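As structure tokens, here come the structures.
In the two complexes below, chain A is the common chain; its partner is chain B in one and chain C in the other.
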Partner chain A sequence: MPIHEEHLIRPENIKTKDNLVIDGIDVSGHWSTFIESRVVTDYNEEMEEEIAALPGGEFIHRCWQCGSCTNSCTVNAINPEFNPRYWIYLIRMGMESELLRDKDIIWQCVSCNKCTYACPRDVFPEGVMKATSHWLELKGHTEKSPSMHFDEVFAEQIIETGKIEEGRTIRNFFKRTGQSLTQDWMIQMVKNLISNLPVKLLISMGLANVLRPKTRNWAAAGAAISEYAEEKQEEQREALGLTELVEMAKQETESLESKANS
Partner chain B sequence: MSEKNEKYKKVAYYPGCALEGTGHAYNRSTKQVGKALGLELDEVKNWNCCGAMEVKNIDPKIQTYLSSRVLSIAANEMGHDVVMAPCNGCYHNLKKAEYDLEKDEKSKEVVERISKKAGHKTYEAGEVETIHALDWIKDAIGEEGLKERVKNNLNGMKIANYYGCMYTRPRHIFPEKDQGPGSESTLEPHFMDDLLEAAGAENVDFPLKTACCGGAHTLSDSDTSTKLVLNILKAAEASGAEVIATECPTCHSGLEMHQIRAEKKYGEKTNVKILYFTQLLGVALGLNAKQVGVHENVSHSMEFLKEKGLT
Partner chain C sequence: MTKPILIVGGGPAGLAAAHSLAAIGQKSILVEKEDILGGAPILSGYAKLVPTGEWAKDAIGGMVERVKNNKLITVKTGTKVQSFTGEPGNFKAELSDGKPVEAASAILCTGFTHFDSVNKPEWGFGTYDDVVTTTQVEQMISSGQGVRCPSDGRTPKRVAILLCVGSRDRQIGREWCSKICCTVSANLAMEIREELPDCHVYIYYMDIRTYGLYETGYYWRSQEEFKVKYIKARIAEVTSDGEKVIVKGEDTLVKRPITIPFDMVVHAIGMDPNVDNLLLSELFNVDLEPHGFIGKGNTYGDLGATSRPGVYVAGSATGPETIDDSIAQAHGAAMSAYAFANDSSIVAAE
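So, the complex of A and B:
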């Protein structure tokens, strides 16, 4: 008997028996598959509010579960486990442990906004995906995702210089995520480039790494952005009830440091 | 001549970071095509990054500020009323900033605060109009004007036009689209089709015009990107296309990069060529392939253009 949306049921809860007799009636064969019922008691009632407090999550409460987001989703088409509608449901129900089963794929949203286009309730599911992966990181459920590393390397460079120099962003990203820059396909790409381009241009591209592009008189803007970003982070920590934790950790390190110094 | 037509003849030009890096062939070909068509580009002075896809994930209002600074310089320091951005990401972010500054008080507050500290005039919604390179050529020259200027007809070259995500989604930041005949459609965009057809191309029926190439995770989740790109490449080939025309440096280099990666990693080889629409228009206007940077692309198309007698 095929089970509808089988991937939403934990495999250990699906029971199939070869021979089964219930109340003296032989139900072997077609009727031998059961889903074990279970009881959920560990609701996290704050979860929806916390995710709504992060950028992108603001409109999660509007969702009426039509499923258009999942239906149109780019990543869902290559991985059926990627299911924005279902995650929004879990978040609104406060079913944290269920959500955590998918914690390592939520960040894979490619921000294509197909869901936003399809959503009849202006939930902005793309934003909800970003807010959710952000929440998972802030709460310590996941390591920083490769994508968040990339965003940070990128943002830091803009705050510093006002512009992006791609070579530098790429190098820093690989460094931060501990990957080697010399992946075979990258080498092939560079080979293709070299076979196409005159040497002179390559040298000037190499020079671009030295003479980094910069926006002139950027310091004031960079400082103002940093200041605002820090304030925002503080607000987010507060919304997620993490302020105390951060304070404790700070005190802890300070006392360790002073011990080490004395 | 319509009002728009005149207004777009001289615009502020915002190339953005990618066009100074991986997308320099797009930069070169855009400028060359503009020159060949007698359109003037005035580069935004001392511009900064628009925030790309990444900054909004740190905080969306920082992205709004970054884009607003570019708009402010174009409007207040240079006196322009139109900014043209050829990169889908830049175009999208400038549009989004415009929308947010019109509708959202909080965004306004943050932009005002940072602009003051940074020491420049705060951008006010409505001071400039942001357009894409497609709007620019379509409205300043138009299909008829283009036809008159074509020297090397593309001669039925089979092209799949690939628009990507950021040019049409989310729809609310593009209030001028979906306004009936003559306007761009967010569901089935056609401006690139129109221009290339005027240059003599035969556009194939391509179902993945606005599919996603996974550009946001080109490096951080390469396997997903490779799958998405491979889908696009195969669909283009199945539609009978010899070339995929692109209008965004991120999409373009994503397609090129993952075409190679798909072959190296999964043994999936595709032969469809990848060219910026400005490169195709350029050769049609009689520029040679090098002038529009075809030799700077990662994927090799020189031979192909030679075979077609276009260079």
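So, the complex of A and C:
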């Protein structure tokens, strides 16, 4: 039977049975298609607290659902499914299954912070989007997003050298996200740089690439930062109830290693 | 000295009226049908009051003591007015103890009646033990017992508060907003979270009317400090799976049906007109307003006036009111009744 506006229904809720008899009536086949209603049957009460424990999510409980963030959102203007107001609500009420349906679009936030300036309750929706993407990754619902890879490459480089060297950041970022370095736009950009930048600057950029300069006496600072970062990450895993999982994984790796060694 | 002023009802409004009359040297007779004074906050055992956070028994108890110890006030508990005749300035009442009383004027402070939740059977009160009312939760807290599921005494892990039970509902002929139940519910939700930090509290609402300054201290504080959750849904039905009570409805913000298990469901019951109002209306010959509360005769001039000269009204007898507003109204009505008693010719001539 044709269903009008079928695109409004999630495909998994359209049920057609090849063989089904209800109360003696044969309701098999195409003409007896059922549309299953989606019912929320429980709340995950941990979710709001978990996301609030991640950087950016701290003020989620202030939201009064006014919709200013969604209204001002850069991405929402292009993709109406991208709706920060809606996700904040799902998180606050613990509607995990509903949130997970949108797990593959939440990371699309471009961090323009228009929402931050529109929000009358200082929720910092941009931060909440970040915290939510992070939560989805930590919980294993999504792969690491490209922006997360970028952040990591960026941070690792600073911790290691105390400096940012763009060429290297981009190369590492492309490597981690499996992108080719010889993309058309990339080649074009490099060509433009070469023809437009002063020779002196080009030389120092080239040298920096080869010599990997470090900020002087950086080692202690780098170690302190990385210790702090590890501490924060540990806190986050703790808040998300992941510490045990991490421990288990560690032990498993160790026992595999010792087996391999013996 | 003029004749005394008759005050009917010894709740916050009646207590305040008697006190303010005494403060200006006017005698009064306070007639209360129950055996104790204090009205709903005492009779129903409320816990901490909005907006002061004081325990009802201390705050209202103090008002009771003040009245009991005042020589200008004659208190008659366990008593009703049987008849009320005579002329303005010279009323004659007969009390249920058989005593006649002369009064220059009268103030009705007869209050409200709690909505009886069995009139909304679809929400499970009277069917499931763990469906209770806000007054029951108030009592659990004020008695020191703590918030427990009545079925087996366990501490609840998840509580739903349903707003507007017996208010704003044409199905049962109650179109008014009871005004205080949103704030009272937010207050109770915070008290539950304070006593049981592991217990999550969800409030199901149509609108939140924590009006005026209650916005900060109740609506926001309950969310920001106490993580109480507000869900826009009018619940369709409360059922049970034998163990938990199950709340069914539609979460209107996500357009999704919900069936969520709870340990306890609380009805935020509204304020009905006093069940005695038809009788009182006939006895004192005062009109009721369309919802069944005692009608106000004059809003801007003669404070607390009813349709009958010399008979005044204050507090939740006139419609849903808070304690502080009931008290303020009682002071206003006391002033009007006093002026009437002492120079009724002037008031009547105006």
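The rule is simple: the second predicted complex is superposed on the first by the 207 of 262 C-alpha atoms of A that agree within 3 Å, B and C clash if a C-alpha of one lies under 4 Å from a C-alpha of the other, contacts with A are read in each partner's own complex, and residues count from 1 in each chain.
As a working rule, a residue touches a chain if its C-beta (ideal position, glycine included) is under 8 Å from a C-beta of that chain, and two chains touch if they have at least 3 such contacts.
Note that the structure is predicted; figures quoted are calculated from it, not measured.
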{"item": "Chain A as common anchor, with chain B and chain C clashing or fitting", "value": "fit"}
{"item": "Partner chain(s) touched by A:Ile158 [first = chain B, second = chain C, both, neither]", "value": "first"}
{"item": "First, second, both or neither for A:Glu5, with chain B first and chain C second", "value": "neither"}
{"item": "First (chain B), second (chain C), both or neither touched by A:His149", "value": "first"}
{"item": "Between chain B and chain C, more extensive residue contact with chain A", "value": "B"}
{"item": "Chain B versus chain C as contact partner of A:Ile78, first or second or both or neither", "value": "first"}
{"item": "Partner chain in contact with A:Val110 - chain B first, chain C second, else both or neither", "value": "first"}
{"item": "Contacts of A:Asp23 with chain B and chain C, given as first, second, both or neither", "value": "neither"}
{"item": "Which superposed partner A:Ala220 touches (first chain B, second chain C, both, neither)", "value": "first"}
{"item": "Superposed arrangement (fit on chain A Cα atoms) - minimum chain B/chain C Cα distance in Å", "value": "18"}
{"item": "Partner chain A, residues of chain C touching it in the complex", "value": "158, 200, 202, 223-224, 227, 229, 231, 251, 253-254, 256-261"}
{"item": "Contacting residues of chain A [partner chain C, same complex]", "value": "37-43, 45, 48-49, 61-62, 65, 86, 89-90, 92-93, 95, 98"}
{"item": "Touching residues (chain side chain B, partner chain A) in the complex", "value": "17-18, 20-22, 46-49, 51-62, 65-66, 69, 110, 113-114, 117-119, 165, 168-171, 186, 211-212, 214-217, 219-221, 224-225, 227-228, 256-257, 260-261, 264-265, 295-300, 302"}
{"item": "Sites on chain A touched by chain B in the complex", "value": "55-56, 74-75, 78, 108, 110-114, 116-117, 124, 126, 130, 134, 145-152, 154-155, 158, 162-167, 170, 173-174, 177, 184-185, 188-189, 192-193, 195-198, 201, 208, 213, 215-218, 220-221, 223-225, 227-229, 232"}
